[in-house]
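You will see two complexes here that share chain A, one where it goes with chain B and one where it goes with chain C.
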Partner chain A sequence: MASVSEMYDVGWEEMRDKLRKWREENCRNSEQIVDVGEELISEHASKLGDDIWIIYEQVMIAALDCSRDDLALTCLQELEKQFSDSHRVKRLSGMRLEALERYDEANKDYDAILQDDPTNTAARKRKISILKAQGKSAEAIRELNEYLEQFVGDQEAWHELSELYINEHDYGKAAFCLEELMMTNPHNHLYCEQYAEVKYTQGGLENLELSRKYFAQALRLNNRNMRALFGLYMSASHIAASPKVSAKVKKDNMKYAAWAATQINRAYKYTDTLKRHIVHLGGHAEAAMKQYPLPVFDSGWLVAGPRRTNAP
Partner chain B sequence: MAEPELLLDSNIRLWVVLPIVFITFFVGVIRHYVSILLQSDKKLTLEQVSDSQVLIRSRILRENGKYIPKQSFLMRKFYFNNQEDGFFKKTKRKVVPPSPMTDPSMLTDMMKGNVTNVLPMILIGGWINWTFSGFVTTKVPFPLTLRFKPMLQQGIELLSLDASWVSSASWYFLNVFGLRSMYSLILGQDNGADQSRIMQEQMSGAAMAMPADTNKAFKAEWEALELTDHQWALESVEEDLMSRELDFDGMFSKELPSGIF
Partner chain C sequence: MPIQLTSQAYCKMLLHAAKYPHCAVNGLLVAEKTKEKKKDSHSEPVLCVDCVPLFHGTLALAPMLEVALTLIDTWCKENNYIIAGYYQANERTKDSRPNQVAEKVAARISENFSDAAIVMVDNSRLTMSCFEPIVVIYDHHENKWKSRDVTSDCFEDWSEAQKITSALLEGRSYENLIDFDNHLDDLRNDWTNPVINKSVLDLC
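Here is the complex of A and B:
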């Protein structure tokens, strides 16, 4: 099998820089990381210098994702040789045990870290992930709540909690978590959109109005968020169709829905012009259309979206 | 006092000015590495971490509360500020003002700070003064009054000499401060050889409230939060949005990523 450097004709510096880029952007493309990283550490270890330790960590976590236990073990052993008493390495060893489903041993590792350093957030989060992996979502939620009482600023944790609540269909509490995220990241259109979706799912006239507002806000922050556009259309038409609203509200919402519908049509016409443009460019139009039949957006999330519509 | 320019022996340049620069520089580098060795870890307690995050959250609530619905904002404000059991009212932390006498770790930190920074400066300044005495080293480019003479011209007993001509000790002190930017170039920012920064820190550290004073911080936050009102940023969001057509530029990426590179 051809190596990465042969296939793409790149040197080790480019591979190292690519790994750094993935590290900084927190990408989870584990297979690619394993391919590039494995070759880098086996062929070019001496040239990397001190970078190699963080690459070991990155490759190890990616290897656990791809079930490459052999590679993970090698990386871990190198790290343990170099940093014998480190909490960070201990956490990695715990993660490996988690991947092998030896949860009790992993928990022992994390407890040892916490005894030494009670402010260590990584170990506490791993313990919560163990509970989640074992399917004990109620306990995971409880532990995560306690964690958040101590560390109110941890945005990753708030997001994880909102996801757990959505899975339990506790939309009120999920909305609370998303509000925290919206406050700390007021310009992130994805949090607005997810909050709007949760409100929409909760249902009821007030929540529908809120959801319409937040879909509009998401669109204002990012004009290209198609999901928010569809959400705006659906919430507005839902409110307009409800029997309990006043005439003025009905008229306003129908206006919003009509506007949203026009924009959606415009977006699809935009695809058409692009399709013709691609055909002009030559050959790859079919492949392109097959791969991207719908607008591409950078949301990447799937939430319990508006599949249930409660009658207002 | 207009007078003809003094011509200094070029040996002075070779054997005095440059050696002092090198000495100062290397002493600074050594100080940097010694300070790294002597650094003690600061252990934060869980409570301190938690409190600092709570304060941040309250501040964010004040600044960005306008992005969440009014009800949610009021709920959080109530949680913090309620008369009976709001967080800021209820939580009282045990405050131990960490004076240098009672807190042993602070004492050792101060000692280390002094040893690594002030002591070498005094010692080397004195040694240079003793070694390179009896002649002027350089001329500062701006005129100075006669008051500066005894300070800057140690060991030179000439009444008529312009105060701009300084001795080697003053050249040494000039170097200590002037080489700061060299240190940041070579040792990176935040290095232990940067003496003036450390002195600044010491001065400001005494003036600013110690982190153990969380009770005062809580009170300040409580007051600030009481004063904040909720101005919903989303009042007219639909009208704003629909005032113009949506901009779909760049929605479709024409370049498909073909593999890793």
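Here is the complex of A and C:
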């Protein structure tokens, strides 16, 4: 099989920079990381300098994701040689045991870290992940709640907890977690939009109205968020169709739904035009998309909505 | 009427599961709409010719699911299809039972198609070579979902399905699979997956 550098015509620096980008963006494209990282480590280790250690860590975790225990072990052994008493490396060793489903041994590793350093958040979170992997959702939720009492600012943990609650269909508590996230990240359109989805799923007129408000807020924060646009349409339509609302509320929501529908149709019409161009260019979608970098989107094809005194 | 799967439907389901190994995934199965049902056609299987991959990650939220059902329903009407089933692969390897989400969606589908089935992917048996079918089919009997033994009869052509799925998994075609979530991220992504459909056709 051709090497990555041959297939994509890249040098080792580009490969190293790509790995850094994926690290910074916390991408979980493990197969790609393994492909690029394995080649970088085996062919260009000497050129990487001190970067090599963080690359070993990144590649090891990706290797676990791809069941490449051979590669994971190699990386781990290099790290253990270099950083013999490190908690960070011990956590990686624990993760490897988790991947092999040797949960009791992994827990021993994490407990050892916590004996030494009770504030080690990484080890605590791994223990919670083990509970999740074993299907013990109630315990995982309990432990995560306890963790968050101590580490209130851990956003990753709040988000994980919201997902655990959603999977248990406990939408009220999931909403609470997302509220925490929205408070600390008021400009994050994704949290707004997820909160709106949870409220919508909870159901009931009050929750639908809240959901519509937060879909609208998400759209204001990012006027290209299609989920927010669709959500606004769905929630406004449901409110308008409810027998319990006043005539004014019905009329307002029909207006919001109609506006959303127009925007959705415009978006699809634009996409269809683009797709026809792509077909015209012989179906090579990826290459075509590069030729059409969507300047129209950047100028905000989603009109900011009718001017209104009350937020939708 | 039990359902049967074509190679295209089966392989796209597995490609979806393979694309997101760390997430739960789900999707819809569509069948060709037949004319009037004859009284004695109850033993004829319903052929699911295609599937539409829906979401990955969090499956238990309603709004986007409703949007997907509406849009896919419209697409079905344009192509003379009907939504005939639902598939799901759970997040954990050892978990292959249908959960509340699966039952709710299937109940919704059953409103328009009385013999809707749930197809669960058995993650623990997912391999590149696909020696054996790794789905479990659930039919609705007396208010409960009961699993049925899956044999090669559940496929239009099992050996073809096996060959194609294995080839596409090896070739990492799942990197190009588009689900409804991908579509919502970027409307240009086509959830009908014409590219993968063409690959399947080329391998037939």
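Everything below uses one rule, namely that the second predicted complex is superposed on the first by the 276 of 312 C-alpha atoms of A that agree within 3 Å, B and C clash if a C-alpha of one lies under 4 Å from a C-alpha of the other, contacts with A are read in each partner's own complex, and residues count from 1 in each chain.
In this text, contacts are C-beta pairs under 8 Å (C-beta built on N, C-alpha and C of every residue); 3 or more make two chains touch, one makes a residue touch a chain.
What you see is a predicted model; the values in this text were computed from it and never measured.
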Joint occupancy of chain A by chain B and chain C, clash or fit: fit
Touch count on chain A, higher of chain B and chain C: B
Touching partner for A:F176 - first (chain B), second (chain C), both, neither: first
First (chain B), second (chain C), both or neither touched by A:A267: both
Contacts of A:F83 with chain B and chain C, given as first, second, both or neither: neither
First (chain B), second (chain C), both or neither touched by A:N167: second
Contacts of A:G135 with chain B and chain C, given as first, second, both or neither: second
Touched partner set for A:L219, first chain B, second chain C, both or neither: first
Smallest separation in angstrom, by C-alpha atoms, between chain B and chain C in the superposition: 6
Contact residues common to both interfaces of chain A (with chain B and with chain C): 267, 271, 274
Touching residues on chain A, where the partner in the complex is chain C: 28, 31, 65, 133, 135, 163, 166-167, 169, 194, 196-198, 200-201, 211, 226-227, 230-231, 234-235, 267-268, 271, 274-275, 285, 289
Chain A-touching residues of chain C, taken from the complex the two chains share: 21-22, 58, 60-64, 66-67, 92, 94-95, 100, 172, 184-185, 187-188, 190, 195
Residues of chain B that touch chain A when the two form their complex: 44-46, 49-50, 53-54, 56-57, 60-61, 64-65, 67-69, 72, 234, 237-238, 240-242, 245-248, 250-254, 256, 259-261
In the complex with chain B, residue positions of chain A that touch it: 4, 7-8, 10, 14, 18, 32, 35-36, 118-119, 149-154, 176, 179, 182-184, 186, 210, 212-214, 216-217, 219-220, 223-224, 229, 256, 259, 263, 266-267, 270-271, 274, 278, 284, 288, 291-292, 295-297
